[in-house]
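Two complexes, one shared chain (chain A), two partners (chain B, chain C).
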Partner chain A sequence: MSKNYILGVFDDEATLVDAFEKIKAKGILPVEVYSPYPVHEILIGMGKKTRITHAAFFYGLFAAIGILGFLTYAAVIDWPLRYGGKPFNSFPSFIVVTIVATILSITLLTLFTFSARAKIFPGKKAEIYHHRATDDKFVMVISKESIEKNEKDIQSIIKEHGEIE
Partner chain B sequence: MYNSKVRGRLIQGDKSFGQISREILAPIDKTPIWWYFAFLVSLGMFGFGLYAKYITVSTGIGTWGVNNSSAWGWAIINFVWWIGIGHAGTAFSIFLLILRQKWRTAINRAAEAMTVVAVFCASLFPLLHMGRPWLFFFIFPYPNTRGPLWVNFNSPLFWDFVAISAYLLISASFWYFGMVPDFATIRDTAKSKIKKAVYGFFSFGWTGSSKEWLRFEALSFVLGGIAAVLVVSVHSIVSTDFAVSVVPGWHTTIFPPYFVIGAIFSGFAMVLTLVITMRGLYKMNDFITDSHVDAVCRVLIFISLIMGTAYTTEIFMAWYSGSDYEMYMFFQNRLFGDYAFEFWAMFVSNAVIPQLFWFKAVRRRMWMVFVISIIINIGMWFERFNIVITSTSRDFLPASWANYSPTWVEVGFFVGTLGMFLAGVLLFFRFIPMIAISELKSVAKFDKPNNGQLKPASHE
Partner chain C sequence: MEERFVVSNRFKLITYALMGIGVVSFALGFIFDAERTWANYLLNNYYFVSLAVGAAFFGAIQYITQSGWSAMFKRVPEAMAAYFPIAAVLFLIMFFGMHSIFEWTHEDVVQHDHLLQHKSPYLNIPFFFIRVVIFFAVWIIMSKLLRKLSLQEDEVGGMVYFEKSELYSKIFIFIIAFSFSLFSVDMLMSLDPHWFSTLFAGKSFIAGFMHANSIIALIVILLSRNGYFKQMNRSHLHDFTRYIFMASIVWGYFNFAEFMLIWYGNIPEETSWFVHRWHGAYKVLFFANIILNWGIPFLALMPRKTSRGKRYMFPVILLLIIGQYTELYYIIWPSTVHEAKFGLLEIGTFLGFAGLFSWVVGTTLAKASLVPKNHPYLEESIHHHF
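Now for the complex of A and B:
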């Protein structure tokens, strides 16, 4: 496809992982790996980490405090109203709204975070290396710069199970 | 992980990944004649519903059969019924995800689609029951010119509003983000330029790179984890609409679990109706195999037993409480009184008939499963009728007893939502991959020897 990259194209997960591990053993990390579904060996092997779960926790923490704070402000401080003899600060019944609204906040904020970090947003034009990577091929993109003298070895590893395009 | 062979194969017929994509995407390329016919019928029903809504809004709630005693009527029966059906999406996606059930992958997309449409149908009922739906935004707690006078945060009706709107938003976004990789598959396999452009837009530039999948998995993990709470919370909150009042037959602590289980019950039944339709009309038998249907049937046996227990517990507690009003409500009103037919229709179709699923011969005959799933849905409708109507029409004061029967406007409204649901499902069949392709591919390896790995030591 491009002069700067080698594309290793595989038919299934097992051969991709095998080749990925052998190439990694040579100290070379592919630029990117494309697959129709998540392959955990690759996700771990590529060495990238995501902090989305941490972000979600803090969204939840702040949302819960904020919502509970708002309910208390509105019902206790701003305009206290007596409902059926209950105390103004009816904490247990505030919990219901707090939980549900917190879940909603976490969901929406985490989605936006995902969209921003993974750069997945409406109308984005996909950069496609191999148009069957979302269908039935597992594609490994290796930059030619990174392999230098090892090109022959890499090619033989890929050719063991897959094809070079 | 220990790999049991109890479930049978997840996908029949040793399909390649390419075949899986092609077979699931086939309905998007070709529209059968019956589809147009069915869509026309559903639009007709929807139109009738629109007319009923027009009458409701232009003339008022007086066109309904509701009265001072039974102020809720069909609107709330149908609201609770639709919300119950709308439970299947989260129940399937989240519960079965947490329980690591791989067979979920063939069904969850349809269940989630159904959820979104059903919850949307449900939300229309309280909206129009307000009488002045154009002022519905009064429920939002926003700084207003009335003081600002805030809404009553202690009211279950407000909780309900929060719960339903949150549920609608969350299940819709969960559903949509699950579809993004599949839209990319359509974009990359489609031949027509229009399809490429449209699905390309909706696929948000998805390429399937490891960076995207890494974050995608983290996202599903977070959403799955927190939405699990919703499976329980939404219908618990709906049940508090009833349970925090002092009306006989409603004032019980059993209501939240009873409603949640009932919701999952009707949701699973509706999923069964839907997937059997998918098998029949779109020949998805290789993906939604007999053992998938079998698994749902087994779950239904269990839930049906819980339903039966809940019904009998309610009756027992009415007797055990010694309260005259409770005794009257259950024994003279529901069991053997004016509403005996509705009570026994509910009991037989929810607690007795699903027990037929104990027999393999029943579980393997799709038409029987289909019929029973419909019976369960009707039974669940009668359950809501039992709860809503029997209690309000016979309260503490015999002077305020009143009978309730719906007018054509209420019936039309309900038919309209049925039409909307049908239309939504048909559009889903036509334009969206009805099975989660990428998830299905990820479990395909478990049908292969050695879980599809080269080395004997499996990673799972």
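Now for the complex of A and C:
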């Protein structure tokens, strides 16, 4: 794997961001950057925009409406039954179920959406560039094709801030 | 990093004018409708004390969590907490209006009411004012102590003051949580002395905290519009919004939990409070309360774009200011005035108190450097970015 890629391994966020900006200034975009936690500069710098938050919001909206609708249909329209002297449409007690079930729906649907978009599925063989990527190291993967003649420059930039593996 | 807030003459004039409006409203109110005026007095008094308490709590948790981002703005909550001494005096003046506000102060009612007799060892006028004095004494002492450390830090520097402030803040939040819970029970829940709700104190506390957060953000936004806080960026605004957003959700949760359990349990002692508030204008206020304090902030402050821009935050904060008023009106009016009256008296007295509060905050901000000088997290705060 390392034949086609250069790996820059960094100890902390600041050095990673420094190196990233310098490499970007040369007009080269890394294939992928792995970090233990999200780094906003990298996210923006890689030109990646996530719409998963919007997806989650709409899942939540539709789940809430759907669950409330289902409870109303079941308890009021289809099979009205008096519980403890409460009216058929005991709206406040529906809300508790709605909140909990909405959270579950958002969590599962967002997970499935993410998995589908990232092409992750059970039994998939993991692509591991570096065994400590996303552990405690910040790893930048640069493809050799994109570098062309600048290889020396890139290597010196990485060495300045971290190490090459 | 010397940056001084100068109280402009225009600001002074406006606050004096507002205070004048307040004094005139109260004077006219006492002549025409004393009971309603005392209810107004209680509402506004509680309103601005809840802001001061919330601000003091905000300041304290910034120390405890060792937050970097807020170091630049810590003078604002400090200035809001400077309202305590004045509020103490205003609350003691309420002595003259106790009979107009609190049912349990009427001797003849208590004589015929077994439950009120049972509660009278706690709910009686001398002990009530002893509690008020104790609460305010503790709040004033603790907030002055933190303020003093903060000012000394400006002069001397070093980590000592920060560490001391952190220690005092840890003590302070326990005191605030306990005392403000009892305070809200005294001031608001005892208006209906037969009714009780265990969530009431928590709800009142989080309401105060939420609105204090929004007022802190409002003051910061207004100051930055007038050329102060030049290093403020959108990340700071985002953090303020997160505080408002978080507190708004917690408030919504508490408010709903309180209502839902009482509705479901259906015990007459507990439901009477809500039944009383379930017709006419109060029913509208019940929903307005939820929409203003939870619905609008929840939806409007959720997207990243709106939570980082002054243009979007400003109207939400204004609605929240109305929201806290709505909630207190909803709590106080049905048990004191018994009719949903709203007129010039309410507006005038609110403006008066708002003027007083602004004046206190403005003059306190002007007393020290607006941006603290030797705070250990100041650099982090200035370069805050995410």
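The rule we apply is simple: the second predicted complex is superposed on the first by the 146 of 165 C-alpha atoms of A that agree within 3 Å, B and C clash if a C-alpha of one lies under 4 Å from a C-alpha of the other, contacts with A are read in each partner's own complex, and residues count from 1 in each chain.
Criterion: a residue touches a chain if its C-beta (ideal position, glycine included) is under 8 Å from a C-beta of that chain, and two chains touch if they have at least 3 such contacts.
Remember, it's a predicted structure, so these values are computed and weren't measured experimentally.
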Note to self: Output check: A:96 vs chain B and chain C. Expected answer is one of first, second, both, neither. What do you get?
What the structure shows: both
Next item on the list: Once the structures are superposed on A, label A:81 by its partner contacts, choosing first (chain B), second (chain C), both or neither.
Entry: first
Next item on the list: Identify the partner contact of A:40: answer first if only chain B is touched, second if only chain C is, both if each is, neither if none is.
Entry: both
Notebook entry, point to check: Which partner does A:4 reach: the first (chain B), the second (chain C), both, or neither?
Noted result: neither
Margin query: Tell me the contact category for A:131 with respect to chain B and chain C: first, second, both or neither.
Written below: first
Next item on the list: Check the residue A:56 against both partner chains and state whether it touches chain B (first), chain C (second), both, or neither.
Entry: first
Check: In the superposed arrangement, which partner chain does A:156 touch: chain B (first), chain C (second), both, or neither?
Finding: neither
Margin query: If you tally the residues of chain A touched by each partner, is the higher count for chain B or for chain C?
Written below: B
Margin query: Going by the contact definition given at the top, which residues of chain A touch chain B in one complex and chain C in the other?
Written below: 40, 53, 84, 86, 93, 96
Note to self: List the residues on chain C that touch chain A in their complex, please.
What the structure shows: 256, 259-260, 263-264, 266, 302, 304, 385-386
Check: In the complex of these two chains, what residues of chain A are touching chain B?
Finding: 12-15, 17-18, 32-43, 46, 48, 50, 52-53, 56, 60, 70-71, 74-75, 78-79, 81, 83-84, 86, 90, 93-94, 96-97, 99-101, 103-104, 106-108, 110-111, 114-115, 117-129, 131-136
Next item on the list: Could you please specify the touching residues of chain A with respect to chain C in the complex?
Entry: 40, 53, 57, 84-86, 92-93, 95-96
Margin query: Using the touch definition from the top, list the residues of chain B that touch chain A in their complex.
Written below: 16-18, 20-21, 141, 147-150, 152-155, 158-159, 162-163, 166, 169-170, 173-174, 177, 180-181, 184-185, 187-189, 200-219, 221-223, 226-227, 229-230, 233, 237, 240, 437-439, 441-442, 445, 452-454, 459
